[in-house]
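Right after this note come the structures.
The same chain A turns up in both complexes below, where it pairs with chain B and then with chain C.
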Partner chain A sequence: MSWTTSLFLRLSPLILPYLVLFCGGVLLTVCQSVGVLTPLPHAGGALDAYAGILVDRSFFASFAFSLGVAAVSALFAVTAGTILAYRVWQLPGKLSTAALVYKIPLILPHIAVAFVILVFWGQSGILASAAHSVGLIQSMNEFPNFLYSGWGIGMVLAYTLKGTPFAMILAMALLTRFDTRQIQTASMLGASGLRIFYSIVLPRLAPAMHTGFIILFLYNFGAFDIPFILSESRPGMLSIHVYNLYFKHDLARRPEAMAILTIMFGFAVLFIIVYSRVVRRLESGVRKL
Partner chain B sequence: MTKTVAFLAALCAMLVLSDPLPAQPTDASLLAGPFAQIEEQARGSQVRWYMFGGWAHVNTWVDTYVAGEMKKRYDIDLVRVPMDAGVFVNKLLNEKAAGKKVGTIDLLWINGENFKNAKEAGLLYGPFAHKLPTVARVVDPGSVALDFGYAVDGYEAPYGRAQFVFEYDTATVGKPPKTVAALKEWIRANPGRFTYPQPPDFTGSAFVRQIFYAVTGGHEQYLAGWDADLFARNAPLLWDWFNAIEPFLWQKGRTYPKDSAFLDTLFSRGEVAFGMSYHPAHAQNKIIEGSYPETVRTFVMEDGSIYNTHFTAIPFNSPNKSGAMVLADFLISVDAQLSKYSPDNWGDFPALDLNRLSPQDRKRFQAVDLGPATLGSEQLDPVSVPEIPSAYLEALEQGWKEHVLDN
Partner chain C sequence: MKPIITLLVLVILFVLPVIVLLLTGLAPGWRFPDVWPDTFSLAGIAYLIRNHEQILTSLGSSFVFSLLTVLTTLCMCLFPAAAFARIEFKGKSMLEGLLLTPALVPPMTFAMGLHFLFIKFSLAESMAGVIIVLAMFSYPYMFRALVAGFQTMGEDYRICARNLGAGSLAIMLRVELPLLIPAVIAGGSVVFLVAFSEYFLVFLIGGGSVASFTGTLFPLLSSSNRSLAAILTLIFLFLPIVLFLIMDTALVRLYRKKGMS
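== the complex of A and B ==
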């Protein structure tokens, strides 16, 4: 047995599911988007589905809206996660054990977090009742209409809540290996807390923040469960649109659903490439500590 | 390297060629023999019934009454598997594409677009409905020839009948609007108090069709099948109707409830004044369940109220087709239809023809107390109009998105 074969065999528990499930799935999606291997014989041309999508204004509205929700919530989560991680890291030993509660939203499934937001932030929700009972608002309807504002605030809240502890964990992993003498030195030389954070801590945490942002942003962009509970009708999230096309419409529209998925996948790959290039270029100018 | 390639190729071949079993040879002969033979073969087997699982009372009825009777009469173990129709159609599509000859589903609860999708993609076994003795005896063949204008051809057996109704609370709304025109006036006079589930939700989509009939001059013109010119001519009237009410809807029409369960919640909390359902007994069920106040009643529009029949069908790769047929036959039997008709169990209307029953059986149906919130056939029948052919359904859902939602 050659070296490559034995390596392949030893890695096969990882490679096989990847090849069959992931690559197979992507391949099938692309095929069906051009009308090959569809459940019903495809009548039109290969690129009909794409042509239809690219002249549909509502598709671009949904695309932009999904991007916006994903970017804003990933940004919030990474910012909050990094600051919180730094704060928790600075806590004395006992307290930092107690601070482990931050991991709770990590364990909750996305759909549960969506329900938490729904129950807390709705106009008939817990926060509205609380505000009403302490006399902040006269009637429940005066509570700001967060969930149906047209801005996807509910989804941003849910994704931020879910993403913050994730960003914290990534930052924590770097902080535990952090050399505290750098901070002590800076502080002895008279640097302020803010200055230390910006000049010493932040550059060290940047790789975790970039990774966290990419993962959260792309997940938020394509995921289905939170929009399923919290998405509004217009502009709709792309994932809900695809779900409806796939499960609730005529089978003849399968290529359309798959074309949207293909475009989303292509965007994700492109985004990772461009983002990492930009980050690398930015970092090449920065002096490493 | 060549070895690796060969190894990969072998793996791919194994994946592609797996499960080379031919279809059960009994499948074709099953339909040739007498039904007694099917019953004999089904005895002592297990039947897995995939059905919509969103209604607790229906699940209970299936798990207790139907499962109990199947065990008692045929020694059949009934396993109810909750799954949305769109999902099991996709499951079957995948199984067919993967060449899976022996599946896990024996019977489906299905109709409309899902049936059309399944039948066109060759996912169904049959025709078997003519084989069921009860169907031949008590069902009016004319009433079940079409499912959303699509020929049934014996690929599904009737199971129940539903009709579109509106719900209101007599404590808050004195006189509900009885025509679509009056409904429009009511909505504009009471901003924020009306909404409907967003198509392609089943109920919301049915509401759109209901309005389509009413504002474009009735259903007859559409029953002949898809007519693009007719649709292009009539649809703008529908979009105008919806766009005229949109600013007066719940949340100013910026958003819509994503499904009928969401609308039910809004209605039960009093946020909107009207509920709607494709099941005449829905309000009564909700009252019994305790989520609607006792004062809720249902009403229909004089312009017409859409009805449809729901069915059961057998997948091409059902491992127990004889058991599935026995269950389908039992479901349309007088006993099962009667039990299903009772609002304490479900309140689903019978799909059989009462005129074909013996006088005693007919009396048993007439004696069922539907409860104060459910309309009887004397109110429902005069306004009942058939479902639209499914090509219109797709066009209406797409058109609603383009001209109302994205407008």
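== the complex of A and C ==
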């Protein structure tokens, strides 16, 4: 048995499911988007679904909206997570056990986090009650309508709450291997706390931040659970749009749903490639200590 | 002063929601503009007890398919992770990148295509189908953990066992797997949580036939009775915690018994 065959055999438990189920699944999505293997025989041309989408302004609005919600919440989560991870890492030993509470949203499913946001930020929610009790508002209608403002604030809040502990875990993994003497040296040489964070800690945490941003951004971009509870109708997230086309409209519109999924898949792959290239280029320009 | 602020922020962000959920669960009549509930009642818990069969079924079903997903990902990743940690070959980093993509791209994009295939092979609306889709989406976490585990373990144990005459399957199962338990638990917990808390994929592939805890929770979240949803959410939170604690203690005991700690 040649070396390549033996290597392939050893990798096969992973590669075969990957090819058949993942690549196969994507392929079937692409096929159905051009009208092949659809539940109903496809009458029009192969690219009809794409042509329909690309002239539809509401598709672009949804796409931009999904991008915005995903990017803003991923950015918030990575920023908050990194700062909090650094602060938790600095806590004295006894308190750092108490800080483990940050793992709570990691355990809660996305739909439960969305529910928490609903309970807190709704017009009859906890924050509205608190605002009323301190006299900021007189009735619940005066409380700003965060969840249905058309800006996706509810989704951003939910994704940020869910994503922050995730970004923290990634940063913590790097911090545990961090050499504290570098910080001690810097502070002995007179660097301020802020300066230490920016010049010493942040560059070390950058890899975790990039990974966290890619994962959270793409997840938020294409996930369904949180938008299904918190989304507003227009412009909606793309995943909701696909869901409606897939389940609520007649089968003839299946190619449209699949075409949107194909575009989302293409965007995700493109984003991963471009982002990692840019990061690599940026990092090669930085002097390594 | 600084540590107190840090802890305060953590408490407001992550503990306060749990407290509010607890209050919501115990006070069904808690409404605007009360900052603190007027009356507490056990109505939510009584409802829970009345419907315990449905809730326990969905909880059990979620538990079973999540654990089976963990096992599936372990079977998929064990040998390939060993190869990845030890063998250098051309295109390895490229292949690694490709193998990690299922966790990054929106799972809808391949799951909806697969749905078609699953209907043809009557895997749709079956637990096997749900497990396959969840495993395809979550195996990268297991894979990463196992590759790291193999790298920290090194090759000495394997070489030693081989010199003593063990076959490769025996080495993997009796020498390496026990040493890999921490890595398996690290990867497995993430896979378990991903599977346990997923709503959409289970709904898409499982249809109505595969009961799940998220599926039971979902309709309650948008209903007017928030107290029930809050109680179920809390169960959701405490069950994995209890599970992890049990596993942690069991592991420490096992290691102590074998004199490894």
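Basically, the second predicted complex is superposed on the first by the 272 of 289 C-alpha atoms of A that agree within 3 Å, B and C clash if a C-alpha of one lies under 4 Å from a C-alpha of the other, contacts with A are read in each partner's own complex, and residues count from 1 in each chain.
The working rule: a contact is a pair of C-beta atoms (placed from the backbone, for glycine too) under 8 Å apart; a residue touches a chain by one contact, two chains touch by 3 or more.
What you are looking at is a predicted structure, and each value in this text was computed from that prediction instead of being measured.
K.L.:
Quick one: is A:E232 in contact with chain B, with chain C, with both, or with neither? Answer first, second, both or neither.
P.N.:
Once the two structures are laid over each other on A, A:E232 reaches chain B alone.
K.L.:
Identify the partner contact of A:H249: answer first if only chain B is touched, second if only chain C is, both if each is, neither if none is.
P.N.:
first
K.L.:
Could you tell me if A:T185 is touching chain B, chain C, both of them or neither one (first, second, both, neither)?
P.N.:
neither
K.L.:
Could you tell me if A:L40 is touching chain B, chain C, both of them or neither one (first, second, both, neither)?
P.N.:
So A:L40 only meets chain B here.
K.L.:
Pick one for A:A257: touches chain B only (first), chain C only (second), both, or neither.
P.N.:
second
K.L.:
Which of the two partners, first being chain B and second being chain C, lies in contact with A:A61: first, second, both, or neither?
P.N.:
In the superposed model, A:A61 contacts chain B only, not chain C.
K.L.:
Now for A:S2: first (chain B), second (chain C), both, or neither, which partner does it touch?
P.N.:
A:S2 contacts chain B only, not chain C.
K.L.:
Which holds for A:T97: it touches chain B only (first), chain C only (second), both, or neither?
P.N.:
neither
K.L.:
Given the superposition on chain A, which partner contacts more residues in chain A: chain B or chain C?
P.N.:
Chain A has more residues touched by C than by the other partner.
K.L.:
Is A:S124 touching the first partner chain B, the second partner chain C, both, or neither of them?
P.N.:
both
K.L.:
Using the superposition described at the top, list the residues of chain A that contact chain B and also contact chain C.
P.N.:
Residues common to the chain A contacts of chain C and of chain B are 37, 39, 124, 228, 246, listed in rising order.
K.L.:
Taking the touch rule as given, give the residues of chain A at its contact with chain C in the complex, in rising order.
P.N.:
Per the stated touch rule, the residues are 7, 10-15, 17-18, 21-22, 24-32, 37, 39, 84, 87-88, 90-92, 95, 98-99, 101-102, 104-112, 114-116, 118-120, 123-126, 128-130, 132-133, 140, 161, 164-165, 214-215, 218-219, 221-225, 228-229, 239, 242, 246, 257-258, 261-262, 264-265, 268-269, 272.
K.L.:
Which bits of chain A are touching chain B when the two form their complex?
P.N.:
Chain A reaches chain B through residues 1-2, 4-5, 8, 16, 20, 37, 39-40, 57-58, 61, 124, 145, 148, 150, 228, 231-234, 244, 246-251, 253.
K.L.:
Using the touch definition from the top, list the residues of chain C that touch chain A in their complex.
P.N.:
2-3, 6-7, 9-11, 13-15, 17-18, 20-21, 24, 31-35, 75-80, 82-84, 87, 89, 98-99, 101-114, 116-117, 132-133, 135-136, 139, 143, 193, 196-200, 214, 217-218, 221-222, 226, 229-230, 233, 236-237, 240-241
K.L.:
Which residues, counting only chain B, touch chain A once they are in their complex?
P.N.:
Interface residues on chain B, with respect to chain A: 1, 3-4, 7, 11, 15, 84, 86-87, 90, 93, 97, 113, 116-117, 120-121, 198, 200-201, 251, 254-256, 258, 269, 271, 390, 394, 397-398, 401-402, 405-406.
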